[in-house]
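Common to both upcoming complexes is subunit A, partnered first by subunit B, then by subunit C.
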Partner chain A sequence: MSIVSPANLRRIGRQRRLVTGAVITLVIVLMAIFGPLFAPYGENEIVGKPYTYEGSFLGTDYLGQDVWSRVLYGGATILINSLLATALGMVLGIIIGVVAAYWGGWLDEVIMRLNDVALAFPQILLALLVLTAVDQPSWYVIVLLVGVSHAPRVARLARGVALGIVSRDYVTAAEALGESRVRVVLAEVLPNMNAPLLAEAGLRLTYSIGLIAGIGFLGFASNPSAADWGYMINENRLALLVQPWGVLAPVIIIGVFTIGTNLMADGIAQLSGRGD
Partner chain B sequence: MTDLATSAPDVSTAAAPARTGSSGSAWVKWLARRVGLAILTLWLCSVLVFFATAALGDPVRAILGKDYASSPERAAALAAELHLDQPVIVRYFEWLGGLLTGNLGNSIANGFPVGELVGDRIVNSAVLVLISAILIIPVAFAIAMISANYRGKRTDGVIQVIMITLAGLPEFVVAILLVALFSTTVFHLLPAVTIAGGGAPPWSKPASMILPVLTLVIAVAPYVSRIVRSSLLEVLDSDYVELARLKGVPERIVMRKHALLNAIVPGIQVIALQLAWLAGGVLFVEYVFSYPGIGASLVDSVRNSDFPMVQVLAMVIAAVYVGINLVADVLSILFTPRARTAISS
Partner chain C sequence: MTETSLLDMNQTGGCTVSDLRVALTGTNLDVVDEINIELRPGEVVGLVGESGSGKTTAGTALLAYSRRGAFIEHGSVTFEGQNVLALPWEKVREIRGMKIAYVPQDPGAALNPAIRIGRQIVELLELHGIGSAAERTEGARAGLREVGLPDDDEFLARYPHQLSGGQVQRVALAMAFLPKPKVLVLDEPTTGLDVTTQGMVLKTMGELCRSHRVAALYVTHDLAVVANIADRVAVMYAGQIIELGPREAMFRQPAHPYTRALLDAIPHLSRARALTGIPGSTPGPGRRPTACRFNTRCEYVQDRCREIEPPDVEVGPDHTARCLRVGEIGSWDIDRGNTTDADPNTDRDIILTIEDLKVFYGRKEVVHGVSFDVAKAEVVALVGESGSGKTTISRCVGGLHRQWTGELTFEGRPLGKGSRARSAEDRKRIQYIFQNPYLSLNPRLTIAQIVGRPMELFGIAKGKAARDRVVELLDAVALGPTVLDLQTNRLSGGERQRVAIARALAAEPDLLVCDEITSALDVSVQGSIVALLENLRKTRQISMLFVTHNLALVRSIAARVQVLNAGALVESGFVVEVLDTPKEEYTKRLLSASPAVD
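And now, the complex of A and B:
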């Protein structure tokens, strides 16, 4: 039951939430990718005094850099890091969940017990724990932390979905034919899991954006001088009263981005029959 | 921003009761097993917390920052103070022993005992979370009931879209937008930060509590209401609701007595998970509003590489989560007649 078959395309077109979400997401993604081409000033160009309305229409930030230009420059890192973290979390989570469901027994018990431990921490806390001992996090450290913090949550879902599949006749048939377990997983189990997992990926992307922007907002940046939507909020937050746009512009754009991805995830969930 | 996917109730496996023995001893057995699991989980949490903070990075380098390269003597002195010369395992058990005996160590940032620093803050955060939870539950149930009542109609559709939109927003986005709206940019009605002078608790100025609580309600209520709505709809489709309607019971009473009461159990599970999720949200909310709780303290401690503080605060959060889940499991067993008889028969 592939999601992108011609018969499904018409159903997708009728799914208003999915279409709205996809359009919003696409706009923000295009802005993040091509924004720098349209920026009136450079990323670190000083265009006037700090926190004034010099420069273009959103005014200047804490160093006198142009807020609008930095908004246009600042999306790429969040976009790329969120996509990578989501992919990492999904892959790890699916491997853990499918192994637990298919191999079962004590392995399942141990894996799920350890999973519960990871679930006892809010995702942001897992990331912060490691950041305590890291002076200046590289971008891949942040991707790794967010991705790994997704894994136990994805694993729980993947295990549930896989449990419903491993008892089906076609899995038993493949096993009876002497297929190896790895092959059964790759050829029979995984292809039949795609719809709920796609919805989960959309949801995870929403959380990745929130977490990665949130880590920046809390003041952790791999390159503090580069423009980044999350870190911009942190840079300018003390001047919310004087020059609100330095804070509000990145906040609004992060909000719109997550609304888009969340609508999309919900639309996919409805298509795959998880919602109603 | 909270977690919908993981909120599927998991009592069935975690709380699978033993079907032997008399009812009383079966209960004790079930409870003992459940508490044992909670303690095991907490112990594994302590391992995770200690090794994530103390073993993955270089504490001395993180604490000294730029001074690390310039003053090797200070680095060596600090390493000795933190007992870094000992193997990690030894340090872990020393730390765990301290944790269990109440000797939490001293903060690296200011040298005060960690126990003194976190005590008040735990109370402050607990008050914030409790007030929010008390508001979230009726708000979420009310929205869910309205939505289920108008299922498939325009009202339901509008409510659903609003809920999905709010559910996607990260907490700090909600918090900052509320601050801009109510205190700095549009209106100037409410205080933007929680400043309680001279150690007075933050709720001594109730106005400063409004925005933090409102943020948490807006961030969490949509999830709870969506879950409650779908379990309400499930119940409304069931045979006994059909029967009640056929008997001529008014729709209002069907909704209140037959549907709502049966939707409460899955509700409890979700709310428990969301309360734990509140902890993640609380961290951002406290940071935005400078609320003197454990979340804001945790962020500061992480930035100062204040290990003893981070470790204790993380364990507090994990313990709260494990505790809430335990209570939720017990409550949902008590509220589910089927599970109740399964245990006691």
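And now, the complex of A and C:
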């Protein structure tokens, strides 16, 4: 009855999109976690002159630090922050969406109109607005901002999915028995939403990475001296023509990673679309 | 077949299917096999089978069509001297719709919702290049007249959604008959229609077939419908035609044990019957037993039934059955399952009273002041056509609908509006069972969780004790303990409905509200569910409010009946009196339109 039954694994295995996405994601996550162990140089170690091909194969950055080593070091923060932000956004969004769908009536109307207002703001703008007010943002400020800005988008999807489920007879049956509303949501509604929500989580993870890298690029890193894929693009952009790897290496890795998570989300959506 | 009929057939149409086999792509599993049937001009052949029997596959194979994932492996459909299955697709396309027409199950889905009715019919004629523009419009009008629909410009200009279900189905019939086909395949064309509408559609269809000398194959799961319109009946089981014969013979002297069991499972309008089901379910491709395919469920099974493939045995004129033991199992009597009607003169111990119930959806009043009552261990049936308010009333009693006025009194206590306004005691003692067991059970929970939950909620049992009681309840609804930890997607429709009944029983109710609980199920399963409910009523003294559109079923299950029309009570009383001597015009009309086996 678990998702990891042999039959399900076979079905997942046939889904080439999902498998490709999962493999890419896994490789990059492993690289971000264990990368620092294999880095030829330290995170802030000066290995030569700035913007030259000294050090390992990707050359040096604006301070003469080794680009390859910084790529290996710089993934952990961005991945952890994106994961946390995605989780926060999903939880908030699901709560809002399911409450709106299940209670319905005027509450639904009010929540969703407020949600529409929140949706009208571009995600990055909202984040920047707050970040400029905060002098040196801590990591949790970034996570909070990205997470909260995801919530209205998740809420819309969650409400749509939940609407199809709250009208099913088994939900009505639970209500007729007199189950508490919280239990109806937790036991009857939520478990039947997990496939589309899983796909949405994958997509939101993609956006989180993009957003957090973007925020880093715009100069808001929680620890400016530490390596960070987004911040690295900013640091080295002046020498794009002289030593392109300082910019290209983090760009490529962010690109590949978002493609991986996106493929995975797509695969999950297709798998669940075929009827679960 | 005599010499003359063969000659006759060659001149006027008809078609012969022989040794047809449709298999699943990439396997050697058959969906249907060894189909031999002759369709004669001006005759309606009813092809009856339960879900999974392959009846639709057999029907569409006549048009040289098979659904995705299946293919026509061998066989022939001889029509006007040529084998349709061997023709190139261009030729088949000319024949489809023109010579061999098809009426689908859901005409709403077959008509294009964005094109006006008149245009759709004319388009069909254009496609086949019939007549000039004026002639085509005139043809469309004539076609609509034939099926008893208006033929004025206003009607031709309507969109499909502006017609009722019965009208849409008659438009589909008109379109099927318009190119003057020789053979017509109808795939459950009246499923989902009300009885009076169904009666009209069937009458139209029968008349057209006979007047146009069309050979029709009427595919359905409903034996009662077949008994009314078919000249000959073919019964399908697990992909084979197991019995084929003239209608009278099939209903008076059915020879095959499966046909007999099916007839034992269907309720009659004219008398109460103790319905029985057929144990197990129709095996799908790949799970069918070898030799006789019915051997796993047959009550007359012998060892040789598992070894020898039974041939078609001639049991009467034009009547064959695919059974080794046809001569040995004796004759069948339609009255075998008869029981006495519920006695009107018993004392009634009232537990539920409904007084002047008015129900609203928003501002619209849909039920207008209905009053009746239910006694202990009594089954009260609510019957009516769709939109009559029968389900709405049951939902108010079950606490699923809150917008009503009037009095609902359960054992002397007034019932609140909606389940949250009721005491736990009231919620526990009135249980609601839904129409569609595919929607009423949470697919993420196991059977043990589903059935055990009301016990936990109402503090009846917990943990190990609860699980033991779940096993007991599953046993009471004829399910084994092996299903305990399965999810519902592993169960068939009948098994799911049994789980739903077990869940209702888990709360130890005094009143069950059953909303069309057998209408999504096959007749053999319906039979066993009805037998189960009757047993529960007797052993546990449970009262039931039984909502249904099937008047024949009412006779076999209920003691009292309330006939509803457009939200008002038309007639009520004891089942025997209302069904045998109806007083109101509406009840009479409903009764005469109900298809009956007898």
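Simple rule for what comes next: the second predicted complex is superposed on the first by the 268 of 276 C-alpha atoms of A that agree within 3 Å, B and C clash if a C-alpha of one lies under 4 Å from a C-alpha of the other, contacts with A are read in each partner's own complex, and residues count from 1 in each chain.
Following the convention adopted for this analysis, contacts are C-beta pairs under 8 Å (C-beta built on N, C-alpha and C of every residue); 3 or more make two chains touch, one makes a residue touch a chain.
Just so you know, these numbers come straight off a predicted model, no measurement behind them.
Once the two complexes are overlaid through subunit A, subunit B and subunit C fit side by side, free of any clash as defined at the top of the document.
Vertex at the C-alpha centre of subunit A, arms toward the centres of subunit B and subunit C: the angle is 90 degrees, rounded to a multiple of 10. In the superposition on chain A, A:Ile233 makes contact with subunit B only, while subunit C stays out of contact range. In the superposed pair of complexes, A:Arg168 makes contact with subunit C only, with no contact to subunit B. Look at A:Gly42: by the touch rule set out above, it reaches neither subunit B nor subunit C. Within the superposed three-chain model, A:Gly64 lies out of touch with both subunit B and subunit C [touch as defined at top].
Of the two partner chains, subunit C is the only one touched by A:Leu177; subunit B is not.
By the touch criterion defined above, A:Arg113 reaches subunit B but does not reach subunit C. Touch criterion met: A:Ile259 reaches subunit B, while subunit C stays clear of it.
Once the two complexes are overlaid on the shared chain, A:Glu188 sits against subunit C while remaining clear of subunit B. Here subunit B and subunit C are compared by how many residues of subunit A each touches, and B touches more. Note on the superposed arrangement: subunit B and subunit C approach each other to a least C-alpha distance of 5 Å. On subunit A, the patch touched by subunit B and the patch touched by subunit C do not overlap at any residue. On the side of subunit B, the complex with subunit A involves touching residues 1, 3-6, 8, 37, 40-42, 44-45, 48-49, 52-54, 56-59, 61-62, 65, 68, 161, 164-165, 167-170, 172-173, 176-177, 179-180, 184-185, 192, 230, 233, 276-277, 279-281, 283-284, 287, 298-299, 301-303, 305-307, 310, 314, 317-318, 321-322. The touching residues of subunit A, when paired with subunit C in their complex, are 1, 168-170, 172-179, 187-188, 191-192. Those residues of subunit A whose C-beta lies close enough to touch subunit B in the complex are 17, 113-114, 116-126, 128-135, 153-154, 156-157, 160, 200, 203, 206-207, 209-211, 213-214, 217-220, 233, 237, 240-241, 244, 247-248, 251-252, 254-255, 258-263, 266, 276. For subunit C in complex with subunit A, the residues that touch the partner chain are 398-400, 419-420, 422, 424, 427, 431-432, 434, 436, 439-446, 453-454, 457, 485, 487, 503, 507.
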